[in-house]
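Note that chain A is present in both complexes that follow, paired respectively with chain B and with chain C.
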Partner chain A sequence: MKYFLIVLVIFSVGISGCVLNNSDSSDENVLNMAIFWLDNDVDPINGWNGWTLTRCGIGENLVQMDENMILRPSIADSYEIVDEYTTVFHIRDGVTFHNGNSVDATACKASIERALEKTDRFDVKFPVESITADGQNLIIKTSEPSGTLLNKLADTVFIIVDVSEADEEDFKYKPICTGTFKIEEFNADKGMVLSKHKGHWLGNTNVDVVNVKYIQDASARAMALQAKEIDLATQLSKHELELFEDNEDFIVQKGPNLRVFLLRLNFEKPYMKELAFRQALSYGMDKETYAFKLVDGTPAKGPINELLSFGYKGEDYYQYNPRKANELLDELGYLDTDGDGVRECNGKNIVLEYISRTNHGADANNIGIAMQQQYKEIGIGMKVSQMENYADLASSGNFDMLWERWTPAPTGDCQYFIESGYITNAAGNYGKYSNATLDAINSELNSTLNKNDRDALGLKATELVMEDVASLFIYYQEGNIVTSKKVEGVERFISEVYYVDDRVRLVDA
Partner chain B sequence: MTFAITFIAPSDPAEMMYFSRDVVPTKEMIEQAREEMGLNDPLLIQYGRWLTGIARGDLGYSYSLRTNVSEILPQKIEKTVYLACFSIVILFVVSFALGVIAAMCKNRVIDHIIKILSMLSISIPSFWLGLILMYYFVVQLQLFKITDSDHASSIVLPALTLAIPLIGRYTMQIRAEVLDELGCNYVLGARTRGIKEFRIIWSHVIPNTLINIITLFGMTIAFLLGGTAIVEVIFSWPGLGSMALDAINQRDYVLLQAYVLLMAFIYVGMNFIVDVITQLIDPRVNIFGGCKHNE
Partner chain C sequence: MSKHLTVIITTALAASIVLISLIAPFIAPNDPYKTDFKSVLAEPNDEYPLGTDQVGRCILSRILYGANVSLSITFALLSLVFVSGVTIGIVSGMKGGIVDDILMRLADIVLAFPDIVLVIAIVGVMGSSVSNMIIGLSLVWWTKYARLTRVSVMKAKGNIYVSAARMAGASDLKLITHYILPNIATALIVQLVLDISGMLLAISSMSFLGLGVQPPTPEWGNMLNEGRSYFQTAPWLLTYPGLAIFITVAVFNLLGDGVREILSREQA
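Entry: the complex of A and B
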C-alpha cells in the first residue's frame, strides 16, 4: 500500500504541480457555495427549478417567506387585501431587473400571467378574474375566494422575471430576475457563476461574485468545505456535521425543516377502516428510534413541523406503546387464532404491504424493516418492498402503506397539504382517505383570508388527521447549513427555499 | 428489443416525469404529457417513429432534461471519453510494469508484495477509494480541487479511482501471460544465444503478451466509456453513467434508448478496433477470415 501511495503522490505532484495555481489574485470579493441539486435549467415556471434562483439570491417574488416562515414584502413594498377576491400590491420604487429595466406593475403582471399559463405546478395556480396594472399598483382579482393567494405568490414559480426577454434562447438558463445576484454563466453539470446586481433595491452585500458549485455527494461537499474550496454548504449528514460543530472556523446552523416523511394508509382495506386498528399501528412503531438512530431526523407528531404557526405543539397523540397496541387489537377482535404469531381479519392473516420507491433510498427501506420487527410484537405481519412501479401501485390501491415525502407547507400556508393529499378525491390521496370535517375545513379555508384564522383552521386540520391517524407520520428531515467564519449574514431558513440573500457579506473583505 | 423492454416496463413515463420532480400531477396533466411524448400510440408506431428519427439523426427529445438528446450526448461523451482514456493510460502503464516485474521476480519478495497489492486493489470498492483519495489529496495535501472540473488536474483523482481496482486484475493477468511466454522455447533459445534478458522481455515477450491483453483492454475501454455513475457522482464529473442512471430513475426512455444505441456502437466499434490492432501486432491473425501461412 505504501508503494502505491508513493506512486500516487509522485504522479499527483507531477500533474498538479505544474497546473495548480489557484490563488485568486482578483480584488473582487468571491463567495464559493455548494448546492446539492440543480436541474437542467432554472426557469422558475418549471417544477421546483425556481428554488435554485431563490437559494442563490437570484430571484425575488412580490412577497416572500422569511427564515421563520413569516410573509414579508419584497418587490411589493406593501399589499392590501381589499376583500376575499381582491388584493392590491404596491410595487416598490427603484426595483430593476438584472438587465437594468425597471420593474413596475405591468412587468409584474406579465411575469405572473406567464407563470400561470406555463407552469407545470398545478398546486400553485389560482383562479384569475383579472390582473390589472396601474402604475406601481398591481390589482389581482380572483374568480373565487382565494385565501392562499399571498402564499401562492410567494412560491418560486412566481419569481418576477422580465418577460420581454423570455423568448430569448438562453432565458431558461439565465432568466432575468431582480435578486441580489444575476447569472453570468450556467452549466447544469457544474453550477453557476453569479455577479452582483449593482442596481438591487437594497444593495447591502459586499459580495461581487458567487461561484455556485453543484456537488451532489454530501461527503464531497463536506470535504470541499474542509479544503476551503467552498464557504457554504447545506444538507450534510450527521456524521459530516460533527466535523464542523466544534470547529471554530465554521458556523453550523441546524434544525428540522419542512419536509415530512410519512406512510399513507390505504383506507380501502377492511382493517384500515377501523380507527382502533390505525391507532394500534401508530402505537406499535417507535418513531423516536427511527428518527434518531436510522435517519438523523426529528420524530414527527403530525404533518406540520411545530415551528410553523399552525403546527401541533403538544405531546404526540400515539407514543410508542406496544402493550396499548395489543389491547386495541384484542378489543377489535383481531386475534391470532391459529397460533402462527399473526392476527387475522375475516379469517386471513393481516400482512401489511409496505411500499416505497427505489429512489426513496435506504432510509425508507430500513424504517420498513425496523417496523416489520416491531409489528411482530403486536401480531401484525408486514412485507417490505421497494420498487420501481410505485406509481402503478399507488394508483391501483394495491398497498397498505405507501412511503411518501412531502413539503406540506412550501409557502407557509396550511391548505396545500390538506388540499393536495387529504381531502376526498385529492390528486395525492392514493389511500382514499375521506373525512367530511376535513373537507369542510378545506372549504372554509378557501374563503378565510385572515392569517390567524387560517392558522387556527390549519391547526384544527392537523389535529384531525393526527387523531384520525389519516397517515403514520414518521419524521421531519433535519436541515443544516454550514458556513466558514469569513461569511456573515447567512440564516437557516426553515423552508430551505433560501440560502443567501442581500444580507450575505464576506467578513475580511 | 430495448425499445420493447422499455415499453412493457412498469410505471407510466409521463407520471414518473412528474413524480421525479416532486410534482403531483392531475389526470389532465398526465394525459397531456402522454400525448406530447407520443405514448398513446401503439408500440410499432412509436418504434417506427423512433427509427425514422434515428435515420435522420434525430435522437429525440429528453423530457427529464427538457432538451434534445443530440445536444446532451456530445457533452457527456466528451467528459466520459476524457476520463476513460486517462484511466486506461494509468491502467496500462501501471499494470504492465507491475505484471512484468512480478513475472520476472517470480516467487521472490517483490512478487509477493505485488500479488498482495493486486488483491487489495481488486477488493477496494470504488466509492470508498474515491472518498479516501479525495480526503488525502484534496483535504490533507490540498494538491487537487474537488470543484474545478475544468482544471487539467481534476481528471487525476476520478481516473485513479477507476483505474486502481482494475490494476490488480490486469497485473495478475499480465503476470500470468508473461510467465507463459517466459516458459516458451524461443525465450530459452534467445537466452542460450546470450541475448540480454531486458531485450528478450522488451522485444519478444511483451509483444507476444500484448495479443491476449489487448482484447481485455478493449473491453475495459468499452466498459469505462459506458460511464461509472458512482465515480461521476462523487467527483461531480458529469458523464454518461450518471446520465443513464438519472434517465432510468426518471423513465426518460428517449434518452435511455439513445444511450443504449450509443453503447452498442461503442462495443461494436471497440471490438473492431481491437481486431485491427491485433492484426497489426500479429500478422498471423486475419480479421477478414482465413489464415496466413508462414513460409
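Entry: the complex of A and C
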C-alpha cells in the first residue's frame, strides 16, 4: 500500500510537471491579469461594458484621459475646436483595426454614429448637426453648443470599432477595435484571452498573449497573485494590500482615485422627504472612522473629491454629532413612544433597508454593520443586506439606502454625475431625488462651454447635493494596483478606466 | 462498560455545550453587537480573549451567543421534523393503502433531490430569513422520520401482541401510544440524536451561504462567511467559529454513536 502511494505521488507530480512545462515551453510572452468586473458582453455601446476594453488595452477612442485625467490625443493625433459648435479631428495615419482594415475618418464617423444611435447611455449623447469625413479629417458639428464634446468622445461608449463587422454574431463578444490587444476568446464567467495586435500604431509592447481572468472576490485576487497565477490585480482590500507592500516580488501602486462610495436615499419614503431627517442620518454616522478604520479611504465630503478642479474643498456638512441628530429627530416628532429603542414615523418603527450588491464586497457590508450600530444611538433601526438581485431591487424602489460606487467624472467633466444620477428622472436616480435648482444647473451646463464656468457650476451642484443630503457620501477610495516584478510599464489611472496599454512589458521573459 | 463510559462523558460534554449556550449572556465578556472601532481585527488579547472581527466585535462573545442561536434553532427544527415525520409515518403505516401511497410518493419526490440543494432552492424562492430556512429544512427532513416510522410501524403491526390488543378492543390511538410507539421508540431516538450534528451543520451551511440566520445576529456559519476574506491576515475570524462547529458536531456525533450502540445491544 505504501509503495502504491509513493508511485501515485510520483505519478501525479510527473503529470503536474508536464502541465507546467507545457505552458513554460512556449516562446510567447504571456501576461496574466485579473479584472474584478466583467459584463455579459463587451460591446462598448452597452452601458459601461466598454470599460473592460479600455482596462485591458483593447479599445481606444479619438481622444482619451491619461493617468492624471489630462485629455490627450489617441486615434486622432490632433484636434481643433473651431467654434462652440464645430470640432475638427485629424485621424492619425497608420492606425489599423484588429482585422487589418485601416482607420480613416469615414470609419470613425461610422463608429461614432453607431454609438450615438444605439447606446443606452443618454448621458454621453450629444446633439449632432453633421459628422463629415474628409480623408483623415473628421468634422463634428453639433446643433447646440456642446462644451463637453471632447469629454464625451473620451467615454468608452465612443471606442472606435469597425462598424463593417458590427453585424457579425460574435461582435459583441469580440468587437473589432484598434487597441494593443485583440480578443481571441470571451467567456462572461471566466474572462478573456487576448493576443497582441501586431499592426498597432505604437507597437511597443513585448506581450504576445494576455490571459484576463475575471475574479470578483478581492481575497481570491490576492491569493492568485501570491500563487503567481496572475501578475496584475487591482482593488485589493486594505488588509490584503499589507501582504504585498513589503514583498520584494511585487510592486504596489496606491493613492486616492476618483471613485466615491455613497448611499443613495429613497425619497419616496415619507421620512426621507424631510431634510431634517436626512441631516440626522448624516449627523448619526461617523464616516471618518469608517474611512480610516474599516476601509482604506478618505472620508467623502461630496460626490467629487478634491483631485478634480470642481471638487468641494471646504468643511464637510453635517459631520458626526449624534446629539444633534437626536435633537433633529425629536423636533421632527419622530419619537420612540413604545420604548423599544426605535423611533416611529406614523406609528411605524423606522427601520431602514440598507442594500448592497454581493460583489460590492465586504467593505460595503461592514460599513452597514457599523452604521447599524451607530444608528441605534439615535433610535433608528436598520437592516443590512447584501444581495445578487440588486438591480431589480434598485429599480423597484424597495430600499431606503442603496450602496453605490461611482466614478463621478470618468472623463474629467462635472456634468456626468449630475446628469446620470441626480437630475429629475435621471437613469441612475433610483431614489427619485428631485431638485429644481439642480435641474436648472444641469440645463445651464448644457450651454456653458468655458471650462472654468463649467467647473464653477459643477461645484455649485456639488454643494447643493451635499447641503440637501441627496445622498450620504461615505468615502473616496484609495485605488491600488499590484503587479509582480516581471511586469513593467503599468500606470495607476485615477479614473480606473485604464489598466494596461501599449506601455506594458514583461521583463526577463 | 467502556461504551457506557463514552456515553457518559459525551453526554456530559453535550450537556455542558447546551448549558454554555443557555448562560451565554451571563458569561460573555462583551456585547456581541458592540463595534469597537479602535480594535478592528485585533488579535486575541485581555479585553477580547479570541480577538475581534472586521468591525471590532468580540469574537468570543459572538461565539457564545452564536451557540445559543445555533443550538436553539437545531433543537427547535429537530423537534418539528421529529413530531411531523413520526406522525406522518404512523398514519402511513397504520392506514396503508392510498394514504400510504400518497404520503410515500411525496417523500420519494422530496428524496429525489439532494437535500441541501432543495433547501437552497426553497429559501431562494421564499427569500432568506430564519423562518424560511426552518420551513425549507423541515420540508426536506421530515421524510427521514416518516419512512423510518412507517417501516417500524408496519413491522410492529404484524406482532402477536398488537393483534391481541386489537382483539381486546384497543382503539387505534391506544394501539399506537401503548403498544407500537414504545416498541419503535429506540430506533427513532437513536436517529434523533444522530441527526443533531447533521442539522447543526445544515443550519450553519445555510447561514454561511447567507440564506439562514442574517447578520448581525451571531451564528457560527455566518461568522465563518464574514471572516472568509480575512483568513490570511486575521485567521482568528475563521479558526474559533470553525472550532466551535467542529467540537459541537464531534461531541453530538459521538453521543449519537454511543447511544445507538448501547440501545441496539440492549434490544438484542
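The definition used in the following text is that the second predicted complex is superposed on the first by the 310 of 509 C-alpha atoms of A that agree within 3 Å, B and C clash if a C-alpha of one lies under 4 Å from a C-alpha of the other, contacts with A are read in each partner's own complex, and residues count from 1 in each chain.
One rule holds for everything that comes next: contacts are C-beta pairs under 8 Å (C-beta built on N, C-alpha and C of every residue); 3 or more make two chains touch, one makes a residue touch a chain.
Since the structure is predicted, the reported quantities are computational estimates derived from the model, not experimental observations.
Q: Looking at A:190, would you say it contacts chain B, chain C, both, or neither? Reply first, second, both or neither.
A: A:190: touches chain B, not chain C.
Q: Go through the superposed model and pick first if A:365 touches only chain B, second if only chain C, both, or neither.
A: After superposition on chain A, A:365 lies in contact with chain C alone.
Q: Could you say whether A:478 touches chain B, chain C, both of them, or neither, answering first, second, both or neither?
A: Touch status of A:478: no partner.
Q: Pick one for A:48: touches chain B only (first), chain C only (second), both, or neither.
A: In the superposition, A:48 contacts chain B only.
Q: Just to be sure I read the superposition right, which of the two partners does A:219 touch: chain B = first, chain C = second, or both, or neither?
A: both
Q: With both complexes overlaid on chain A, does A:455 touch chain B (first), chain C (second), both or neither?
A: Touch status of A:455: no partner.
Q: Counting contacts the way the document defines them, which residues of chain A are shared by the two interfaces, the one with chain B and the one with chain C?
A: In chain A, positions 217, 219, 223 sit in both the chain B and chain C interfaces.
Q: With touch defined as at the start, can you tell me which chain B residues reach chain A in the complex?
A: 9-12, 15-16, 18-26, 29, 64-67, 75, 79, 90, 94, 113, 117, 120-121, 131, 133-135, 137-139, 141-153, 156, 160, 164, 233-236, 238, 249
Q: Quick one: in the complex, what on chain C touches chain A?
A: Touch residues, chain C against chain A: 33-35, 37-38, 40-41, 54-56, 210, 214-216, 226, 228-234.
Q: Name, in rising order, each residue of chain A that touches chain C in their complex.
A: Within the complex, chain A contacts chain C at residues 217-219, 222-223, 237, 239-240, 242-243, 286, 289, 293-294, 361-362, 365-366, 369-370, 372-373, 384-386.
Q: Given the complex with chain B, which residues does chain A contribute to the contact?
A: Listed in rising order, the residues are 1, 3-4, 7-9, 11-13, 15-16, 19-20, 22, 32, 34, 39-41, 46-48, 120-123, 172, 188-190, 211, 213-217, 219-220, 223-224, 226-227, 229-230, 357-359, 387-392, 405, 407, 420-421, 427-428.
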